[in-house]
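Chain IDs A, B, C and D follow the sequence of writing; residue 1 opens each chain.
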Amino acid sequence: MEFTDYMADGLTLEDKPREACGIFGVYSNDPEFDASGMTYLGMYALQHRGQESAGMVISDGTHPTIHKNMGLVANVFSRDTLDRLKGRIGMGHVRYSTTGSSLLANAQPMMARCSKGILAVAHNGNLTNTEQLRLQLEMEGSVFQSTTDTEVIMNLIARHSNDTLVNAIMKAARVLKGSFSLSLMTKDTLIGLRDPYGIRPLCLGELPNTHVLASESCAFSSIGARFIRDIQPGELVVIDKDGVKSYQYSNSPRHALCVFEYIYLARPDSIIDGLNVHLARKAMGRELTKEFSATADVVIPVPDTGISTAIGFAEASRIPYDVGLIKNTYVGRTFIQPHQNLRDIGVRIKLNPVESVLRDKRVIIIDDTIVRGTTSGKIIRMLRDAGAKEVHMCVSAPPITHPCYYGIDTSVRKELIASSQSVEDIRKYIGADTLTYLTLEGLYRAIPQGRDLCVACFNGQYPVEIPNNERNDKYILEG
Amino acid sequence: MEFTDYMADGLTLEDKPREACGIFGVYSNDPEFDASGMTYLGMYALQHRGQESAGMVISDGTHPTIHKNMGLVANVFSRDTLDRLKGRIGMGHVRYSTTGSSLLANAQPMMARCSKGILAVAHNGNLTNTEQLRLQLEMEGSVFQSTTDTEVIMNLIARHSNDTLVNAIMKAARVLKGSFSLSLMTKDTLIGLRDPYGIRPLCLGELPNTHVLASESCAFSSIGARFIRDIQPGELVVIDKDGVKSYQYSNSPRHALCVFEYIYLARPDSIIDGLNVHLARKAMGRELTKEFSATADVVIPVPDTGISTAIGFAEASRIPYDVGLIKNTYVGRTFIQPHQNLRDIGVRIKLNPVESVLRDKRVIIIDDTIVRGTTSGKIIRMLRDAGAKEVHMCVSAPPITHPCYYGIDTSVRKELIASSQSVEDIRKYIGADTLTYLTLEGLYRAIPQGRDLCVACFNGQYPVEIPNNERNDKYILEG
Amino acid sequence: MEFTDYMADGLTLEDKPREACGIFGVYSNDPEFDASGMTYLGMYALQHRGQESAGMVISDGTHPTIHKNMGLVANVFSRDTLDRLKGRIGMGHVRYSTTGSSLLANAQPMMARCSKGILAVAHNGNLTNTEQLRLQLEMEGSVFQSTTDTEVIMNLIARHSNDTLVNAIMKAARVLKGSFSLSLMTKDTLIGLRDPYGIRPLCLGELPNTHVLASESCAFSSIGARFIRDIQPGELVVIDKDGVKSYQYSNSPRHALCVFEYIYLARPDSIIDGLNVHLARKAMGRELTKEFSATADVVIPVPDTGISTAIGFAEASRIPYDVGLIKNTYVGRTFIQPHQNLRDIGVRIKLNPVESVLRDKRVIIIDDTIVRGTTSGKIIRMLRDAGAKEVHMCVSAPPITHPCYYGIDTSVRKELIASSQSVEDIRKYIGADTLTYLTLEGLYRAIPQGRDLCVACFNGQYPVEIPNNERNDKYILEG
Amino acid sequence: MEFTDYMADGLTLEDKPREACGIFGVYSNDPEFDASGMTYLGMYALQHRGQESAGMVISDGTHPTIHKNMGLVANVFSRDTLDRLKGRIGMGHVRYSTTGSSLLANAQPMMARCSKGILAVAHNGNLTNTEQLRLQLEMEGSVFQSTTDTEVIMNLIARHSNDTLVNAIMKAARVLKGSFSLSLMTKDTLIGLRDPYGIRPLCLGELPNTHVLASESCAFSSIGARFIRDIQPGELVVIDKDGVKSYQYSNSPRHALCVFEYIYLARPDSIIDGLNVHLARKAMGRELTKEFSATADVVIPVPDTGISTAIGFAEASRIPYDVGLIKNTYVGRTFIQPHQNLRDIGVRIKLNPVESVLRDKRVIIIDDTIVRGTTSGKIIRMLRDAGAKEVHMCVSAPPITHPCYYGIDTSVRKELIASSQSVEDIRKYIGADTLTYLTLEGLYRAIPQGRDLCVACFNGQYPVEIPNNERNDKYILEG
């Protein structure tokens, strides 16, 4: 998860926490199975989890082949490329990364030859002890060609040259700290595993004669696969010609799925750890009404992530739901900010008000988070310019007061507005008539398995040990 | 408007009428005005009207410069390109075209030197007498380097070498038949005009010291411009250092805006000929409830164009609105169909069901049109697979029984399912429990200026003369 | 012909007159004939005549197709492109152009639809009355999308809508002034013509059941075709299913082939107007010895165009021929000049001395022309740095004192060093021990048809009328 | 060195042994020194040694940056790229590779982080114990992301985590077998070394305050640097702020420079191990006359590598030198073979005869090697078609009878015509009137340090141990 801008050139169009990656894997016993086509579909369904680079490894049981590049799945893979990647076993990865490391060298999966033969690794998450592990490995002779966690994991596994592949992976996984859902592949085996806290999701599905792994179940829906179950925290599954074997490679002290999967990251049609994301958001909307006391004429979402919550809010409050903001889906990374200084241009090009819905109305606007507050301020100003009489901002999560060490982009950490400002200060800053956050209790009521979530960014209770120097940094933030 | 597939390789992801183009123009008296940046923003806001090619002409009052290429606005223009296009006067064009003419030579605007000096032309619409005009011009010595209507228009204007520019344009416009909203530009003048029936939209807005033309008012919203008014059918406006001058170059027998602008083509936040598109769609939804008699548990839209209509339907019927289908916004033209035969894969990759919303429910699904019926059939099957108990299809337009000569892609004309099948036959074909079309009367009630629309595709009453050979072709269809 | 720098960024690697274009055409009666493959080969053989853009038109007798783009033949055409260009009739063009007009819009051939049906035109040469013709055509309604002579020629032909194609072309050709070798193509006919003075070359060859046109006979050699004859000044040939028909569309006042074809432009293996280029250059080398009086140890060429002349000089003078300069063939247009100021870096990266050949030697260096003298100065300094005791510069042409109006790049005209400096001044400027130019009489002796050449750049006697304003400009130069 | 075709698609345009790489390094103490510009120039001068990929690493003394890609130097580096690579220390590499490993992952230099900090390695040569070293390293935990020797070398160095950088490199170099000239770079140090036999060249030069390393001295000439000396077999030089330090890391059993550097690979203006390549070739030409007994009218080279030899032959034999074949320098890797079957098309597009030089002549044609004989056959047929009365083929090297293990492309090893055919058989096969090879004794006379060359491909006496399985393979060849 990274808190970063969506745009390269300083234009703040999005002001949201960003997740790092999506992973997909498929193993079929049908020799005619089109693993590259299937992986391509699976990656398309997970594209919202990462738009920076895309890659896949495909094996016919003997020779794994890889293709990866910067860009969207649509740009990285051509018909020719897919046709060249022949086989019945496949693994794909989509990546979102901070600007500093937007390098092809960091694109995943990583494939290499080592004591385990050809091995490919795809990673979703963020290790907290990468640097320490890397230094130790370097002292033992390892060579690093990228700055990714993935290469550290690969080297850790390669060290155990006398173990079986599965034992080597389990030994390596036990020294990793932080969040990691992994998919690994050899010429004839597919492996998936989830960290002991289950911070990042990973689930298992099936097609006839075939098993599938994916970060989110929406990928199963796209390929017509049946959802079987989530991989458990601390579990490793091996998929090969004999089917699926499960290993509990580590005790799971507690289950701590990142709450932002429900709030913001995942697709509404996905089911994560037993709960549909759309329903979770609707429930947050319902809970939000309990904290909200003003009267209003219309409930509108900030698209797209506010939509489910707004529908839930509208149903519970009996205030009509409507479309008050249109999102321009063509505005992406390559958008160029004009030289002319236009007020709120960043938001205007991405979101536009529907004046006939807003004019002379008391408007409730539903968003999922406020990170720095700048985008919220621009949206509220735009609603008022379009004639809204009152603007009530409702946020489907508690204030973010603590940094994340399992994926957050630390470069913007100090900019977390709620780490230093009161709700009333934030309300004034963004210019809302009222500002309502969902409480942690409300969040727990909305999500049945609430206590099994990582909510460290709301309360500072980190499930996994965080680095010392980082801890200091946090205190500064909190001071 | 073109009835064509969205995908190059035969995968029917969209089965909708497609409009050809969006045009944008801006004229400022401020010498520092960044016309290329502003045109870039305007084109982004009109991108939904055409994704095949993009181009702009910019002038500093003396030297017009052009840049155009195949692809989205985001791909065609870089920071360097925009910086090279310097000036305070600009004109942009986004184009959708049939496969056959997807050539750079057909990209717009077209810029050329002729008796009027440097002239640039951008066109939205479809002429019905192109071939006749081209042959006549060829006999007089004209040379054609593309197959566009635009080049015919340019040559017609160039013929009038002894007339002023405005007179030459008006003379040329009077011999054009069919639909045409035009923007024209010289080194120091911007001109806009709309055909005598106003089949395609065009409107006028303003910024300080600056005037703007656009196919839809949503482009004004993106750049912070104020909407002034629609250009009238048969009207031509000249924008230069003296402001805006209006000429009625032709009588307007009647106003006949293409009804599909409201149903499908335009962005919900646009106001066209005085009516907001989102409100028009909500009204269609309300009217649809009057034709619908079944009972149901939930109303869901086919995103994105069904959303407004579904909200209107839900409000009027008091049946809850919900999100039952998630649209993958990353699936575009470059999607490659896998070799493996997956049932309904085309629809599955683009749309996915939210099972928790659908399971055991009686579902009303709202779509805007049924062209061939194949996509509707796949969506309904997907809803049932996801557990829907009943599926009731409601369409926010009457059956399309007649071909369009003002923009339709004739290659798929014979495939209009409603031209040969009864509503009951279509219902069976798509597998719905009930199928309800909005009636023409309902449509007229929903849209106040209803009688001022072109609804030829529903009733065969063509406002502008259509070619003879085409007429025959139509009879075959109707036979 | 253009006198321009080879490099975009100010680095003077070449300081030579540059020709504009090469044309190739092929017509076969064999339905299986691979015209695109053959045209591709022909264009490769003519690549030295133009590296800016490349294009070809291919017809199967019914449908002509075109492909062109900026760049070398190797970059413009892929296997896929060639496979799509199916047919037995073809025409290709390679273009060299000045920086100002390096636009895709100016790439050739130009193909358009007009009163003659689909017509394609490819042009080698430079008209002197383009602007006058274009203005006149504009007043008659023509529209120009490029700044090429070719589009003017196309429009002139299109005007004669009541004439046969051949008559229309002949009428058009009669009003053209300047240099022009043309190839034209319809769906089923190939036409070639040469201007009344034959300033640019064009020749006719044959393969079984097939005829070929090319700017130089070296293209025939590449495809295994037999050379038949040169097209005559003022002659037009029509190649179609009935074979070759010849028309003398204009009297030829005199034959005036551009002398630079022999000196610099053409490939040594070509035969132009009956004379092999390599032999012509060897003869120039022989004649040069008659003007040269010093003694020396070794004769070395400036590669590649000085090679033939140097061999001729060495044979006649009995001074040994050797390789004293190595040319780096990888240095092309895209070379980037380093920031660091290196003495003579432009020449050093392109040419390197062979010290063991030069050390302590009296060296005769043979070059074809001196335009501005800067490159010659750098080469001589480099030879001295490498140890040459004396450097004697011999030039295989007389001093260039007059500008060219049939192809020269006028922007550098004032920089012709010999237009204002004496031979002795030039010798001092370039730092040679002696400087010897071939005399005009020597040139005439070397080339048997000498009096039939255009040598206006040496003596100011222009065969074709030149524009008035240009004439003034020239006087300034001469004054 | 690789014996491979020049063309991707099966068209045999070149039939020559191919060298793998060129390396360049520069270290300046001047903080303003433009190392990227200088490395760019150096790589241009070495481009003939490798055209598949290009890369460079530049450091400002603190942060090394890398850029590499497939393609020519001209395509891989733009002005922007060079500007981003800031620093005073640099290292560049150009690579030629077999088709199978034409992957970006194999492009050089390789840069990585290890126990020595950031380290970059560039390699010219071929190890004979790669596979054995790689397996051993894998067992110790190493991970390999490419199939290059370079990555093996990097890992070997990284293992010695307790040694200084220089000691680690020397320890690693001592276990390498085969040919290797290496350049290595850290943030503040440049290192060069040559294998104990000096099979590949490497030399040292200087600019003010700056030292330079290059595969060939022609790179010094391009940047105006002064040649100091060759790096000695078994020598390692360290260049840093204290100047150049030399270490003899290994005894050199004998000096065994690959003879093909003189015959074919190096540029004529380079000086390798004290001998100018052009002079060496001229001497080979002189020696060849001693073996040649026929009479003839003209001596012509196969361009470009035959030129120096032919001049030497002509001088010694007093038979006139002339240009009988013109080489088309535009024909490169991207050339597409036409579908039409043209006799000898591969040779015709690349080489064309000058008929006026050949007609009715007894021609001596000088080439550097005959590998498979097919190209020679085509050239001789072309000369006869152009009118040559007799064709005498002279080859500036002895017959290649043994495979090379220090760079040869083993896939075509069996196709070495001289490994199984007598000279008379080869003469018949290629269709020459006589065929003369230079003898090994002649070669030794021509090259003063003759006995210090590796001539294993002529006599099977390999200086460095070769792999066992390969040895068997060789016996098959010889059998």
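In this section, a contact is a pair of C-beta atoms (placed from the backbone, for glycine too) under 8 Å apart; a residue touches a chain by one contact, two chains touch by 3 or more.
A quick note: this is a predicted structure, and the numbers were derived from the prediction, not measured.
Of all chains, the one whose CA centroid is most distant from that of subunit B is D. With centres set at the average Cα position, the gap from subunit A to subunit C is 61 Å.
Centroids built from CA atoms put subunit D at 50 Å from subunit A. Within subunit B, contacts with two or more other chains are made by no residue at all. Under the stated contact rule, the graph of chain-to-chain touches is a ring, a single cycle where every chain has exactly two partners.
Per the touch definition, subunit B reaches subunit C in the complex via residues 110-115, 134, 138-145, 151, 154-155, 158-161.
Those residues of subunit A that touch subunit B in the shared complex are 9, 33-34, 37-38, 40-41, 44-45, 47-48, 72-75, 77-79, 82, 218, 221-224, 267-269, 271, 276, 278-279, 307-308, 311, 315, 320-323, 326, 328-332, 334-336, 338-340, 342-345, 348-349, 352-357.
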